[in-house]
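Just below sit the structures, each encoded as structure tokens.
Shared between the two complexes below is chain A, which has chain B as its partner in the first and chain C in the second.
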Partner chain A sequence: MEGYLGIDVGSVSTNLVIINRENRIIASVYTRTMGRPIEAVQRGMVELNQQLDCEIEIKGAGTTGSARYLTAAMVGADVVKNEITAHAVAAINVIPEVKTVIEIGGQDSKIILLQNKVVVDFAMNTVCAAGTGSFLDHQSARLGVPIEKFGELALKAKNGVQIAGRCSVFAESDMIHKQQMGYCLEEIVYGLCEALVRNYLNNLSKGKEILSPVVFQGGVAANAGMKRAFEEALNVEIIIPPFFNVMGAIGAAILAKEQTEFQPATNFRGFSVSDLEYKTSSFVCAGCSNTCEVVKIQVENETLARWGGRCGKWEVASEKSLNVTCKPAN
Partner chain B sequence: MSSSTNKSILNKGSAVSENEFCLPVKIFYGHVLDLTDKVDFIFIPRVVSVKKGTYTCPKFLGLPDMIKAIDKPLPKILSPTVNLNLGFKKYYSTILEVGKLFTQSYFKIGYSYVSALKEFKNTKLKQEEEWIKSKKETSEVKIGLVGHDYNIYDSYLTMNLTKRLEALGVKTVTCDSLPSHLIEKEVSTLPKKLFWSYEEEIVGAAFHWLRDRTVDGIIYVLTFACGPDSLIQVLLEHEAKNSSGKIPFMSLVIDEHSGEAGLITRLEAFIDMLGRRETEKVLV
Partner chain C sequence: MKIGITSTVPVEVVYAAGHIPVDLNNILIQSEDIEKKLLSASMYGFPETCCSWIKGIFSVARERADIEAIIAVVGGDCSNTNALMEVLQVENKKLIPFSYPHESLYEDLKIEIEKLIKNLGTNRDEVYRIKKRLDKIRKKVQQIDKLTYEENKVTSFENHYWQVSCSDFLGNPDEFEFQVDKFIEEVKTRKPELNKFRLGYLGVPPFVQNIYDEIERIGGRIVFNEIQRQFAMPSFEEDIVVQYQKYTYPYSIFDRIEDIQEQIEVRNIKGLIHYTQTFCHRAIQDIVIKKQLNLPILRIEGNDNYLVDSKLRTQLEAFIDMLKT
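Then we have the complex of A and B:
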């Protein structure tokens, strides 16, 4: 069987999927990045391999997410795409007539507007990560409620308490104040969801027309309280696709499939990459007064890629590093 | 002249400036500090107005005073006032005033003024030629870059924006290459006169492109704490949404803490969007 691999390495989670020619999901993994993208990808690859019950030949690989270049160098990707395109492609695959995509991830949130399967407008949170998954994570730890239970709890609330959503630091002090006043946990949790939705709508959609069908994806879509808050604020039905938390990876896999149709063979190095030892190191270049921090990624003493410099003199020709031949494991 | 902006200039500048200042002012501080040991005089004109009826932003007005407030030894600062609101007579006397610091010859002063003006006009003319040439090319994706010149032309601040766009196969046109009569025309359609002159250029250029559709997309570069930018951003986004041309418009907010990753993601997504739109057009 033929399959296409998509990897989305974000700030909080690392997601991997394998799809078949018909864009159906064969295997998917959602794991925490925990600040170690390389290990997360390797862990994910092992898990992914275990899920497969038959021989699969990977015909293409795509990466997205904030660590997309690092991952691409590591696994040998055919396509490296930004998250916006990847998410849009994945949403279209589930609901072809989708007009709005709401995506809230670990540290960024996006709104993507589409018309006839084409992205016509998008926005990302600018200089602030308030209202994203990391904040919810942090609050769940503080309240002693596991993040998986957050949504369930929020749905129990009749009303949400008013919480300032403009800034996550102020939202936190507001929440503490509400706790000290004696409001119950459910209402505070739902109030937080409402605050995040307000923050999202004020910061991102800023008067953009949100037309249905609206698809809500990204890790935060797991929180049923957020879905309820969005539905109450927008008065439209919010669709959460079955694989909402790995949509970026699905998009990357679909794009890899499209890309490999135009090239003779995939650059994918095979599942064995999870056994290789990758080393990253960084140094400060003293070439000029910009003092760039250059990152180097090595595998078995061979430099795969270097980046981070402004002038480009440290950049290893990415083409070469991506084309290192290595036999696929299966 | 100070060297082009780099990390140490920015760090030096932000170390001495107030937290609320916009990024360009912090960079300006850094540039002044970069010069301190190298020169006898620093030329920081007080630019009050470059066009009748308009002003520059308050920070521009205060640059020569603000820099004196930092607790560092500085060379002597020359800060003639340029205020075209007071008419050209006053303007010429300012030029004489500056000139007299260097020479007593009126002829020499006049000559250097005229040649500087000629230089400026030539540059402007060249830019306009570029612009006319680019209008005729239809093969590649073209993006109109709007924003303050001191942002757009600072490759450190914009994290190599123009080069990155070039690498993505995109041609850029900047707002200062548009002839001023086109900008005037667009600005005059506003219900209320803009207060600032440099911002008129940005608004005029963006409005022009939104209507005549000679570019495929517009990117507006602004800095986080800039007052005028924050106001005209709303004006531009509103116009981009409501104009009939439907030219994609994106604001890129830059701050000293901005990571490159966010900028690259936005640029790539924007270019992807333009590309997919094009293919769609062909299919339809």
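Then we have the complex of A and C:
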């Protein structure tokens, strides 16, 4: 059976999916990056392989997320794509007429506006990471509420209490203060959801018209309280797609599948990448006054790729061919 | 005497008075210790929410004993400069305020320029003699600009660098002209690069030093650097007052938009990147820019990050992807 692999390696989570020719999910993994992207990908590949109940031939591989270049060099990707495009592609696959994508991940949030399946505008959060998944994780730990139960608890509140949304430090102080004043936990948790939605809209929707259908994806979409808070703030239905937490990886897999029309064979090294020992290092090039910091990834003393230099002289052939085959299929 | 400038000023007056202008912004951005300079300003007392350009040029001015006086642009650039000027006075620098009038009225601007001439101890004839000299160099820099958008032979960074350097001509117009001539000769031997996405860059020059390299890496090319081109005084007016009246940066956003619109058509630009500093009032102008210009515009913010980070990289890549569809 043919499959297409998508990997999204972010600062908080690493997600992997395999899709078939019809873009249906055959296997998916959501795991924590924990500061070690290479290990997270290797771990994810093992888990993914374990889910397969038949032999799969990976015909194309795509990577996205903040560690997309590192991952691409590791696994041999055919497509390397930024998260905005990947998320948009995945959303269109589920809801072809989607006009707005709200994505809140571990440390980033994005808004993507589409018309007729084409991205026409987008924005990412600026200044700080207040209102993203990491903050919710931290609060759920502090309150002793499992993150999976957070949304359920928020839905029980009639109203939310006012919580500062501008900064996660102030939001936490506010929550503590409200607890000390005796407000019930459900209202505090829902108040936090409302604050995060306000933060998101203040930061990202500047001058943008949010039109339906609105799709909410990313790990934070698991939180039913956030869905409710968005619906109340925007007065529109919020759609949460199946596999909402691995949409970036799905997008990367779809793009890899599209790339195969332009490329005779995949660069994918196989599932055995889980067993290899990768080594990354960096050095400063003294070739000119730019003093670029160049990152190198090696396996068994073979350099897979280097990047970071301005002039490109440190790029190895494998990375150069990676760049050529990774041009978007347009 | 070396005289620091906080933004583009009638530099003809500085050279006419026999002084050497030093654009403090350009010194800052080329420093090897930018982080240290910003930290130093913060520890001195500059607030967290203060623009990094202001903090940085404070440190540059303070550290450079050879810069004895500073022309501070207190109108038409940044209102923080007013307070910056006062702090530098405490640091025993001689401060010379210069203000572009709010509505670019001829008489008001003429008064400001004449005040500057008197302050620096020169005269109108000498100023015009220098203007003639500098205009000759500006015409050559304009050629570099044309080689960018007409012949596709100049990179985004090079287009930025030669134009932004016209604020002070690197302190030595003769040497600057020599370098410009050498550069143009070399560019003429290059093959054109026709496969890059034609983009415009709007707003103040970037704090993010390698943003131009990143744009080139992902297949874009800035064929129009809006404000840097204005620093190079593209209007070539005989009257110096009219020249600085037509310099769009200090005045209304609508003057800038008129200029941008014209250049979009001349240069066949497909998308615009609008850069602002975090906490800057110019971010508000993005609202008007987006309403008035009918082209995809990516707004990006810089703060104290002098290198492209992963978030900025993602946004630039996504913007190019968006333009490709």
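We adopt the following convention: the second predicted complex is superposed on the first by the 294 of 330 C-alpha atoms of A that agree within 3 Å, B and C clash if a C-alpha of one lies under 4 Å from a C-alpha of the other, contacts with A are read in each partner's own complex, and residues count from 1 in each chain.
We adopt the following convention: a residue touches a chain if its C-beta (ideal position, glycine included) is under 8 Å from a C-beta of that chain, and two chains touch if they have at least 3 such contacts.
For clarity, every value in this text was computed on a predicted model and none was experimentally measured.
After overlaying the two complexes on the shared chain, residue contacts for A:F230 are found with neither chain B nor chain C.
In the superposition on chain A, A:F122 contacts both chain B and chain C.
Of the two partner chains placed by superposition, chain B and chain C are both touched by A:S66. Of the two partner chains placed by superposition, chain B and chain C are both touched by A:N82.
By the touch criterion defined above, A:C288 lies against chain B but remains apart from chain C after alignment on the C-alpha atoms of chain A.
Looking at chain A, you'll find residues 66, 81-85, 108, 118-122, 124, 126-127, 206-207, 310 touch chain B in one structure and chain C in the other. By the touch criterion stated above, chain A contacts chain B in their complex at residues 66, 81-85, 108, 116-122, 124, 126-127, 206-208, 288-292, 310. Of all residues in chain B, those touching chain A in their complex are 3, 6-9, 156, 159-160, 224, 237-238, 241, 248, 253, 255, 257-258, 261-262, 264-266, 268-270, 272-273, 276-277, 280. Across the complex, chain A is touched by residues 210, 213, 278, 286-287, 290, 296, 299, 301, 303, 310-311, 313-315, 317-318, 321-322, 324-325 of chain C.
Across the complex, chain C is touched by residues 66, 81-85, 108, 118-124, 126-127, 206-207, 310, 328, 330 of chain A.
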